[in-house]
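See below for the structure under consideration.
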Amino acid sequence: MGLRIPRNRKAIKHSLIKEFYHQPGNIPGTLIIDENAEYPEIVLIDYNSQAYIRKKIETPELCVPYLDTTSVTWVDVQGLGNQDILQRVGKIFELHPLVLEDIVNVPERPKTEDYDDQLLIIARMVVPKENAFGFHSEQVSLILGKNYLLTVQEEPEHDCFEPVRSRLEKAKGIIRKSGADYLAYALLDAIIDGFFPVLERYGEEIEELEEEVIIKPTPKTLQKIYKIRRELLQLRRAIWPQRDVMSALMRDSDDLIGEEVRIYLRDCYDHAVQVIDMVETYRELTSGLMDVYLSAVSNKMNEIMKLLTVVSSIFIPLTFVAGIYGMNFNTEISPYNMPELNWKWGYLLCWGVMLGIAGGLLYFFWRRGWLERSVPIKED
Amino acid sequence: MGLRIPRNRKAIKHSLIKEFYHQPGNIPGTLIIDENAEYPEIVLIDYNSQAYIRKKIETPELCVPYLDTTSVTWVDVQGLGNQDILQRVGKIFELHPLVLEDIVNVPERPKTEDYDDQLLIIARMVVPKENAFGFHSEQVSLILGKNYLLTVQEEPEHDCFEPVRSRLEKAKGIIRKSGADYLAYALLDAIIDGFFPVLERYGEEIEELEEEVIIKPTPKTLQKIYKIRRELLQLRRAIWPQRDVMSALMRDSDDLIGEEVRIYLRDCYDHAVQVIDMVETYRELTSGLMDVYLSAVSNKMNEIMKLLTVVSSIFIPLTFVAGIYGMNFNTEISPYNMPELNWKWGYLLCWGVMLGIAGGLLYFFWRRGWLERSVPIKED
Amino acid sequence: MGLRIPRNRKAIKHSLIKEFYHQPGNIPGTLIIDENAEYPEIVLIDYNSQAYIRKKIETPELCVPYLDTTSVTWVDVQGLGNQDILQRVGKIFELHPLVLEDIVNVPERPKTEDYDDQLLIIARMVVPKENAFGFHSEQVSLILGKNYLLTVQEEPEHDCFEPVRSRLEKAKGIIRKSGADYLAYALLDAIIDGFFPVLERYGEEIEELEEEVIIKPTPKTLQKIYKIRRELLQLRRAIWPQRDVMSALMRDSDDLIGEEVRIYLRDCYDHAVQVIDMVETYRELTSGLMDVYLSAVSNKMNEIMKLLTVVSSIFIPLTFVAGIYGMNFNTEISPYNMPELNWKWGYLLCWGVMLGIAGGLLYFFWRRGWLERSVPIKED
Amino acid sequence: MGLRIPRNRKAIKHSLIKEFYHQPGNIPGTLIIDENAEYPEIVLIDYNSQAYIRKKIETPELCVPYLDTTSVTWVDVQGLGNQDILQRVGKIFELHPLVLEDIVNVPERPKTEDYDDQLLIIARMVVPKENAFGFHSEQVSLILGKNYLLTVQEEPEHDCFEPVRSRLEKAKGIIRKSGADYLAYALLDAIIDGFFPVLERYGEEIEELEEEVIIKPTPKTLQKIYKIRRELLQLRRAIWPQRDVMSALMRDSDDLIGEEVRIYLRDCYDHAVQVIDMVETYRELTSGLMDVYLSAVSNKMNEIMKLLTVVSSIFIPLTFVAGIYGMNFNTEISPYNMPELNWKWGYLLCWGVMLGIAGGLLYFFWRRGWLERSVPIKED
Amino acid sequence: MGLRIPRNRKAIKHSLIKEFYHQPGNIPGTLIIDENAEYPEIVLIDYNSQAYIRKKIETPELCVPYLDTTSVTWVDVQGLGNQDILQRVGKIFELHPLVLEDIVNVPERPKTEDYDDQLLIIARMVVPKENAFGFHSEQVSLILGKNYLLTVQEEPEHDCFEPVRSRLEKAKGIIRKSGADYLAYALLDAIIDGFFPVLERYGEEIEELEEEVIIKPTPKTLQKIYKIRRELLQLRRAIWPQRDVMSALMRDSDDLIGEEVRIYLRDCYDHAVQVIDMVETYRELTSGLMDVYLSAVSNKMNEIMKLLTVVSSIFIPLTFVAGIYGMNFNTEISPYNMPELNWKWGYLLCWGVMLGIAGGLLYFFWRRGWLERSVPIKED
């Protein structure tokens, strides 16, 4: 099984494609190592209700002794950048070649599959970006065995498992008294709960846009709305299959997951449904915002056109009047040729006519309500 | 189980997020006490067909004696602001830690869950705001036991249970002769029925907007439409799962709910479906209103442009004519240089030409129907 | 069970709300009498293959003797304006309190419910308005018993059962030889068939709008389209649950409906599906019309703008030329100062230039096709 | 069973309604004869593997002798214009009154119904119009019996069964060796296949519109798009239930259709699904075209506005400059009053200023790209 | 079974129709040979774990000896241009006439059908175009037998099976040790994987359009968006039924596909679902892009209108002022006739007034923010 570098690195850098890219035409079970992937770090945690060990190990083989004990062993591989290590991990845990492929050749769609004495769960973890808008998205694969749990993450950073590790260390709750299945549940719960802070940001952003789109719509607003829609699409694609995973885990009769843990999974399923609710609601809101934006732009155009029309309609007739009296008909030849020019009050009369026209038009526009500036005032 | 303050109070104040916010990464069963939540008041009602007691109790333990009798006991906890009291309530009613979490860590999605000799029902209650537009939304959790009902509300105000309490007190209908299951039904029925007055307001508002959007569309109109759409989304998210709850309660074979009460639940289910019908119809209407708004804005623009075009098209040619005779070609040098200026009837002829042009254009516009003001008149 | 007047009569007059309004928080089984409802008239029809009696009766008790015979008895209560009479009807037919509530507290969603030896069917009847556009909508409740049928209508007018009564009287078809179940079918069939003339009117209206929207779109057109959409929504809400009712009646194993009548119900179900087809098709057409309207308004704007642009683009440069030769540079001081003014052919040359510009621009606009009036011609 | 003339012939002429019109309030089983319907022609085809007879018969009774033989008899009634003949046909084939009603009171929704020893199949046949755009749509009813097939068409023309008749005559394929069920399949297959040429035309039209909508969008284009959408809706309504018919025929355990014919029906079902695919794809394309049209109209408006803006922005300032020097301030009174008029190079300087302004503005517009004509060029 | 040339070659050249075209009214089992189709090439591959033969054969009969051995035989027919050869292939593999029709009369919808000891799988293969945008789409039919696989492609070029052939030749993976079912899986997997590079291109294109649509929207942009939407519709129509095929192959209890191969098919199914995810996401994105385009065009119009309004509103009043002092009222006759013309500072005052007006308007526009050029800046 050879190491292959993706044909076209340039393309892969695009975020849209990266999330989907799948190397075509390989032998099933081939591992594709992305040359930019990080070197795997392996963290071993072994615990039972009395003891707790956490250490970083250099070679995967070092975890074998722990696997043979009755304590729960959690082997957490962080990074997909070395084919040799990943295959040795596969050998130690006796993974089916397709399982190893699913773990390494990311991205894979969230799913769960049952392999005799192992349960494969593919999940997708999202972590909000530190300072910027948006989120990191990363695949986490869980392989649950009798008394061990193997997890494989794409990179060492951006991990939402810290609270679980801390509960393990401080023996909070029932986690140290429970088996590997409870640990798997705790991690899945952390993954689902990780969607909430991400969505919270979109909620805030949408609320800001709701004002901006009416008060001061700019092309930037449009871009923001589109961006949110696009990222909500990503979240949606991540969470829907995850809900199905939860549902399958709750339902399937599998020895690896105990009855009491299933009750907890029901809770986790509820949260997944809540995330879906949020994503769908936000999607509908952004789609409504798009409509509002379009209307607001049209409204703004109306404002502009009104101003142009008011100015033009008032001054064009006046300019015409002025033009009349700028004509050079010879007043000396005939008394019918612009006698106004020689009237004593001619000029003032002319101004009178012009002011009359202007006043009449202003009254007309005022009656139509065109002179009020229709700036929307935010309703509470 | 520690008390934790939400990381970011500022964010939580937003209504969009508040409704969804879920504290990530906690130990299952942790109670999260919102520091702004109100201190719980506990109201105890105990009744059978003969007797009826209603009192406010200070400590939850005071209800224990009532629970042991055969009369129906309704313990109503109003407010989530004290962890200690809530945990003591949990202990008295022997609630599963996840049940207690579902009750306290609001918001939870409406659902029903069966725990041996208890039935958990999470519902969402809406109460119209007193003077303003909009509604309060609050989670109500019901725990139905053999001969007791525990309800937990988010706050003491805004409660739609008063009619039920009054029926209990005045022994109206069969409520005093029935068990705790009938009481649970009566409360659920009150919750579902509480959606109708809220929706009634939206109905009225939509009818007003239907006129406004044609007669006098302003950006304010747009905002109102968007606001209604958004709040209908909220109602929709609240009522859909509630229908599923009703459906599950009707179907499930559970000893806690008697056969005759199931017939009443069928009625309640019908009402939930009716609420959904209304919400969906109103949603379609507002979406149609948005289209109408956009068209009305375009129409208004047409009106503006027509006016501008009529004014410009009439006066620009006239101004040109006036401009012609304002030219200073030397009439003395050549008879071809603007001889009109020296004609006897030159000026009047010029006016004739201009009036002719203006008349012709007015006729042209009148034929095209541009001179009629196309103000929509409301059709009955 | 007290009589209650709706809290807010003003609101109820709105058509949107009236159709949905549901009194919240009542004791189940309470009858809500609308004070504007009409006093119930009771029409009794009793028949078998030999005999036929039809009479209006004053008190409901007068129908009791007929119920005891083997002939089929159809008691038709028209109007919901008196609580006492309705409760006496309920007593005579031994109706469950919830059934009586469903019948009286209109509107209820169309549904069917099985109560031991009675079958409740709630249907919605539409009758086109006499002279105006639109339709009356009214709830009809059918209670089918062994050899009787009780129907309750909201008001005495607007009834589509006349053809059935006439068939009964003239003994047309097999209706007089069949039981109460066939009568119920015949009424349901009349109700469903009553949708066709209503929809026919919308079909005609849509066809007229299809022309109007292209030839002469006005804000009135928009209003009509919106109105049709809204009323189609109402029809849709009425017919969808009715289809489910038909489907349930066909399927359910119930002694009250005989095998041969089920075959007829299949026909009735087909018609309901056809009505749904029509409603959905009309909805799609009106939604398409809305798009066409928007485009037509934009097109009209283009026409307006084209005219403005043609007029402005031609006359503004000409006016500029005229303005040039209206300048007062002193031609006597220098030969470079507007020598054209003193040329012999200066004025004619100036006209030549202006006509040249105008001609060039006209040619330019003609090439672009802006001078053709793009009035749509109806395609056959 | 009386003959009734539709109440409102004017309405029926409309195509939208005609397709749906259903006479309300009749006795089940009443035949409604459309007075414009054509007089029925009856064509009898009788065949087995050796013999083949085809003749037009005057009275339906003439086919009785053929029905009694073991050969397959196909009686094809073309036209619904005579009640007597249709009822005699009903008597000969012992049709249930509802079957006869379904056949005669067109239009009926495509469906299949099982009546003991007969199978009723209602289908809808479409035939492209000869020279014009669009299609004829006609109901075909098939009644399949043991060794006979009765088909009833609305009119004698526009029939897509000719290839089947020709195969029967020339004994091509296995049709002469098979029973009436294979004949029914062959006709259904011809009906489904008849949708393809109709759709082919829409495909061509859509491809033409795809160019037209970008290159030269006119209101006519809009009308064409709407027309296609509307006709695709008709096709959709015709084909969806037909697929269900195929599916029901394949699945149902019915003696009248043999096992080997069911395999052929699977093929026919596939074609129906393919037609649905096409219709839905075309619908999505036309809906996309509508969007493109709207955008193209907006683009055209932009073009118009750009031209107006360019012309106005250049000439309005120039006209202002010319206006300045057309003022009549008395230069003799003060050296500050328009001394430019008396400069030697005044006029030329003035031209210089004006050319400078014009050049600057042209450069500005050229930089913004407004001077390029943005005519779309078709991409291959 | 005669050879028929499609009635209307002109129409068939259109890509929309070609993909759907189905010859109506033929005898089931008739082969329709497209006269432009390429002459079939036949490639035979025969292998077991030890041996591997690959050769091009001239006549189909040459493959018969290989079929009788226990080694796996893959006969790959490339091209549909000769009826005789195709019928001989049909005879050798004992294909049902309908199977042969499905294979030859392309296009057929992807599906799978079980014929006793053969399994027919119709799939659709897409291959990206070499240099241009877009893809080739081709039907591939697989007939899986006991130890052979017959595949039929539309043309010899554009084939995504090369990696599979190479794995066969180099004995990579388990393919040489497995049966014909694994080979069928490998080909199906290659077909599904072939969608990814095609979609990758659309992903890149969409990302480019996301910038273009905001920065510089032109009618060309619109065309590109429409084109992508249309091609995604094609891909969607190809992949959805393929997913159903995978699902059916996984589920159905068929001896021809072994248990271990079913596990691999599960993987293949996952990839199909991933392709669907991508297609649907891209469709939503392009539909969002269309909205953004429309808004961007409106924004651009606003920009244009703003410029026009600013220029007109400033210069029209100024021109009016200049027009005033171009009037020829006789200043000698009366002191009220334009005395300004004879003031010493008249001209300068006039300029002062004009600059004041211009300045005031500029300030007004600056306050409204109309003077900033609102060019969108790409957000990262």
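Going in written order, the chains are labelled A, B, C, D and E, and every chain counts its residues from 1.
As a working rule, a contact is a pair of C-beta atoms (placed from the backbone, for glycine too) under 8 Å apart; a residue touches a chain by one contact, two chains touch by 3 or more.
Source: prediction; values computed, not measured.
Visitor: Do chain C and chain D face each other with the same patch, meaning over half of the contact numbers show up on both, or with different patches?
Guide: Different, since under half the interface numbering is common to both chains.
Visitor: Counting only Cα atoms for the centres, state how far chain A is from chain E in Å.
Guide: About 25 Å, centre to centre.
Visitor: Starting from the mean Cα coordinates of chain B and chain D, work out the distance between those two points in Å.
Guide: Computed value for the inter-centroid distance: 41 Å.
Visitor: Two-or-more-chain contact residues of chain B, please, as numbers and ranges.
Guide: 294, 298, 301, 305, 308, 312, 316, 319, 323, 326-328, 338, in rising order.
Visitor: Name the graph shape formed by the protein chains and their touching pairs; answer line, ring, star, complete or other.
Guide: Its topology is that of a ring.
Visitor: By the touch definition, the chains form a closed loop. What is the full order round it when you set off from chain A toward chain E?
Guide: Traced from chain A through chain E, the chains around the ring are A, E, D, C, B.
Visitor: Applying the document's contact rule, which stretches of chain D touch chain C when the two form their complex?
Guide: 8, 11, 14-17, 20-29, 96, 98, 101-102, 108-109, 111, 113, 218-220, 222-224, 226-227, 229-230, 233, 237, 290, 293-294, 297-298, 300-301, 304-305, 307-308, 311-312, 315-316, 318-319, 322-323, 325-328, 331, 338, 340-348, 350
Visitor: Looking at the complex, which residues from chain B come into contact with chain C?
Guide: Touch residues, chain B against chain C: 160, 162-164, 167, 172-173, 175, 186, 189-190, 193-194, 196-197, 199-200, 203-204, 206-207, 210, 214, 263-264, 266-267, 270-271, 273-274, 277-278, 281, 284-285, 288-289, 291-292, 294-296, 298-299, 301-302, 305-306, 308-309, 312-313, 316-317, 319-320, 323-324, 326-330, 333-334, 336-338, 374, 376-377, 379.
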